[in-house]
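Next come two complexes built around chain A: one with chain B, the other with chain C.
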Partner chain A sequence: MRKVSFPYMGTSYIPFKKLLTSFGNEVVIPPKPTEETISFGTKFAPEFACYPFKIVLGTFVQVLEAGADTLVSSGGVGPCRAGLYTTLQEKILKDLGYEFEMITLEPPGRHFRDLLYNIKKLINAPLTWRDYINITKFVWKQLVLLDKVERLSHKVRPVEVKKGEATKVYKKCVDMIASAEKYGDLREIERECELLYDNIEKRDYEPIKIGIVGEIYVLLEPSSNLEIEEMLGDLGVYVERSMFLSDYTISNAVMDLFHMAGERDVKKTAAPYFKEMCGGHGRESVGNAILFAKRGFDGVIQLSPFTCIPEIVAKSILPTVCRDHKIGFLTISLDEQTGKEGLRTRIEAFVDLLRAKRRRTKSFAVKPQVAKEMA
Partner chain B sequence: MAYYLGVDVGSVSTNLVLIDEEENVQESIYIRTQGNPIKAVQVGMRKLASKNKGDWDVRGVGATGSGRNLAGVIVGADVVKNEITAHAVATLREVPDVQTVLEIGGQDSKIIIIRDGVVTDFAMNTVCAAGTGSFLDQQANRLNIPIEEFGNYALKSKNPVRIAGRCAVFAESDMVHKQQLGHRPEDIIRGLCEALVRNYLNNIAKGKEIRPRIVFQGGVAANAGMKAAFEDALGEEIYIPKHYDVMGALGAALLAKDAQVSKTRFKGFGLSDINFTADSFECNGCPNHCEVVNIKMEGKVIARWGDRCNKWKVVENTVA
Partner chain C sequence: MKIGIPRALAYYAYYPFFTTFFEKLGLEVVVSDETTKEIMDLGIEDTITDACVPLKLFHGHVRNLMNRVDYVFVPRLVSVNHEATFCPKFLGLPDMVICSIPKLKNMLEVRIDLKKSRFELFKLCMKLARRFKKGFFKAYNAYLKACLSLKNYAHQFLQGGIPPLGIVGQKKNKAITLAVVGYPYILYDPYLSLDLIKKLIDMGVYVVTPEMIAKEDKQKQVGKIRKNLFWTFSNEVIRTAYSLFEKGSVDGIIHVTAFGCGPDFIVDKLMEIDAKKYNMPFLTVTIDEHTGQEGLNTRLEAFVDMLKIKKAKKEAALA
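Now for the complex of A and B:
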């Protein structure tokens, strides 16, 4: 039996594990990236590679040590070098003496046959059409539900009365979703999760709203962004991320297959500032920042791995975009630091700035009314 | 009379400022942190107390700087604020019409953009040490020139040498090579100041609209060479406030005054005699392996941080 593993990214390991097990593979669950992971990554990666590359490489070392013989990762077609990362990682790991097969899943639009061929390697159980439908239904629901409970945590955290409750509930929800066996379980769990969030005592207060844009890995894996969403939530900020895995899968796998422009909206929105694609998620970062501004957000934070070219391009455009749309902008460059103080200083000051800005616009808006009352 | 204390624990220096009700600076103390923030705060408090036998009626305390949480616990702060906000508050009181703050400290540099008395944008260097006080300090040391005179040397130069400023490593190797060719120290130092200003403007100040009045503060503002290089590059007059080296602490004191707390948490000037210690351990409760730090007062844990799940939280941490 194949012993399959894959990169760790947020809670995605839960549906991936289910999918691969249903296909008749043994799964080595990748550990959450820790300092050990990063030490392996920085030791074996080229010095100038980006942080996501190093984390994923470190994770691969850990899962190979744990007995995995097949690694599954995603490819890519853009000029972002991450599209070639699996090839490089395979070379590095084989040089280190590990024996395994690397399976790179390319986007279906341009590499459909290649993708099917690779997926076939991962199907090692006799399955009927009905089985396929049931597996897909379950895994998709699991993925959507995981994104949903995370979104709820972002909503509730800034308004919770007792600090830490939303985080606790979120962890509990993830555990429940991970332990589900049948589709019916998931529906029950969904209701239970909603109830848990409803039961948290909340303050009546309009939080500052910040949208987060940037490179996919540092957006989706909290240990790579120093848990910025939790930090912002604790400061009483409502955070919304521009990317969730379920949406991403729809636009980049399903829509791509039918050559439909999945994130057309975002790209169209970005067009006045950013016409050409520059790889990675540079253009999406710009488009999403505009969408956040249009929805009345107070500010945008861009997360980018140090030396990430697409995000460097976006970084030079975003200040103009945010000035034009009158919202605050902060860019954060991430690498292997684990000290949070520098980040906390910046986001605290950023939130102070947004609060002052809101107070000002509010006091302007209120003025005529006050004047009326005085008269 | 009521007094307010501001403590700024930075990577290189620890500053204390005491202001009165009229916001006049009564005392200001600047000491080197030297890697031991707890001791630095205690030494600072002892120095402050010796000036007036600690006979001030302190009604509020503010802490800022990268060591603000630690300082907050040790001194007993009522307000714990990030240094960007603290700097902006202090500059606005000293120079109400300021629109741009250039701040270069020991190990970081920032730019704060202010419009109509409100911070509208800021940046802080993220990945680079070139252009901060520590680097200048190190170069002064290498050339055997006291840091206090380093800036004046630069002013003597008539023919500045071009030094690479993008990275401290490039800058230093460039300086060494030019010195070995026989260039005069003052020309090299002036070249270094220009390189650092170029790097500052091209890196953190990138995309920011620098409008007068421009205020230059932080420890490096003492360096006349840096001031002149900024004036050259920007073509504007640069203003250096009186308390340029303790602006963070001043801001913290002002924030403490503004907070109007009814009863301060200040531990008193006697805290320099209390035995504070810190130790850490790695939690093995989950794969995060958090490095948890204990802050102990006379052997008793008074604060703990570093854990992501709050399981080790013992007391109300003053983390703002």
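Now for the complex of A and C:
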């Protein structure tokens, strides 16, 4: 039996584990990235590797030590470096003397046959069509539900009366979703989660709204962005992230299969500033920042791993975009050296500035009727 | 009408084409001054901190040009062949330049995407000529001359010369042969690379750069990596390195890279791992805007001396 493992990213390990076990594999669950993981990563990775590369490499070392013999990871068609992660990781790990098989899942648009061949390697149990449908349905629902409870936690955290309650509820919800067995259970859990969030005592005021854009891994994996969402929520800020795994899967795996570009509106919005696809999530960062501005957000925070090329392009453009749309902008480069307290100081200052700006614009704001009379 | 061409990034790989084309079209071509500290400082002023040095330098060269020409030529290099594209910084270059230098009003943005067919380049040239209101025959002539001049440029490299540095040919009977691999915009900018190539030649080294390896030799290495790299220049570099590993025709390889260069973390590590396998001496030199002359000199001297000793020992053992 294959002992399969995969990179750790947010809560995605729950549906992946379910998927791989029901395909008849033994799964080595990757541990949540810690200091140790990152130290493994920085030890073996090249100096200028992006932060996600280092974390994933560290995770791979840990799971290989734990006995995994097959690693599953994603590919890509570039020009972002993430598409070549597995090529290099395989080389580095084999050079270190580990024996394993690397399975790279390429996007279906250009490598459909390759993808099918690789997926076939992972199916080691006799399954009927009905089984496939049930598994897909269950896993998809789990993925969507995990994103939903996370969204709810972002919404509730800034307005909760007792600090830390939303985080507690969120963790409880994730545990419940992880322990679900049948599709029917998930529906019940969904209702229960909503109820749990409803029961949290809330204050009634309008929090500062900040949108988060940037590279997918540092957005989705809290340990790589120093739990910035929680930090912001505790400061009383409503946070909205531009990317969730379920949306990403639809726009990049499913749409790609039919050779359609996902997230078309975002790309269209970014077009005046960013005319060319440049890989990664550079253009999406710019597009989402504009969308946040149009929806009346107070600020945008860009998260990027140090030396991430598409985000550097976006970073050069975003200040102009945010000036044009009159929205606050803060960029944060993340790598293994980033300290939590330094980040907290910057974020507190940013939020204070946004608060001051809102107070000022509110007191000077001309009421609609007055504006009409003046015109 | 004056067209300004910044002496950075794609310039070093394709300048004979651009300059000849615009000249034959009847426009005046102004190339920005050779890189100096002032140009570097101008570039650093405008760019974000974690951009790589060549990119900062490009901004500097644009600033150097913008007030004395009618148009500043900023290419958006998307692809020159069907297998690979360019680093995202090339893809987003005009967008970045226009946002970072708000005073720049006369940018001539040209999107170069040649992967679709053989005639894309011709079509692009015709489009450019129409923009400057030049006739078809004049444009066609300019296009042919430009192609010829690029071919000539490539040929000069194959003869052992390095035209952008003014090196016509190198003596064959040097003590050791070293491959200096890296991107043309780092290697052939004497200020940026701290004159690394000339220093090596003065030390008695026969220098081989990626452009000096025949295309066929590079093409043979295509299947060697499990997956093609996405970037044209990186493919050149890694294929050069692999073909040299196999032939063993050089005594060592020096990889010159810019601090924080995105593609190079993959290129460098792949080469480093395989150099070990082929027992090939390998040195990585990382360059940024603060790199000091002396530190580099010491490293180069040590590397070259070691190789010379190694070679002498080997020859003694054979004799």
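Here is the rule we go by: the second predicted complex is superposed on the first by the 364 of 375 C-alpha atoms of A that agree within 3 Å, B and C clash if a C-alpha of one lies under 4 Å from a C-alpha of the other, contacts with A are read in each partner's own complex, and residues count from 1 in each chain.
By definition in this document, a contact is a pair of C-beta atoms (placed from the backbone, for glycine too) under 8 Å apart; a residue touches a chain by one contact, two chains touch by 3 or more.
For clarity, every value in this text was computed on a predicted model and none was experimentally measured.
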Contacts of A:S316 with chain B and chain C, given as first, second, both or neither: both
Touched partner set for A:F306, first chain B, second chain C, both or neither: both
Touching partner for A:G164 - first (chain B), second (chain C), both, neither: first
Which of chain B and chain C A:E47 touches, first, second, both or neither: second
Which of chain B and chain C A:S333 touches, first, second, both or neither: both
Partner chain in contact with A:P31 - chain B first, chain C second, else both or neither: first
Contacts of A:E348 with chain B and chain C, given as first, second, both or neither: first
First, second, both or neither for A:T21, with chain B first and chain C second: neither
Greater residue coverage of chain A in the superposed arrangement, chain B or chain C: C
Which superposed partner A:A356 touches (first chain B, second chain C, both, neither): first
Intersection of the chain A residues that touch chain B with those that touch chain C: 306, 316, 319-320, 333
Complex interface listing, chain B residues touching chain A: 66, 81-85, 118-122, 124, 126-127, 207, 287-289, 291, 308-310, 320
Chain C residues within the chain A interface of the complex: 47-48, 50-51, 76, 78, 85-89, 91-92, 94-96, 99-100, 102, 111, 225-227, 229-231, 259-266, 268-270, 273, 276
Chain A to chain C touching residues, read off their complex: 45-50, 53, 75, 77-81, 83-84, 87-88, 90-92, 95, 273-280, 282, 306-310, 312-313, 315-317, 319-321, 333
Residues of chain A defined as touching chain B within the complex: 31-32, 34-36, 163-164, 167, 223, 227, 230, 306, 316, 319-320, 328-329, 332-333, 335, 338, 341-342, 344-346, 348-350, 352-353, 356-357, 360
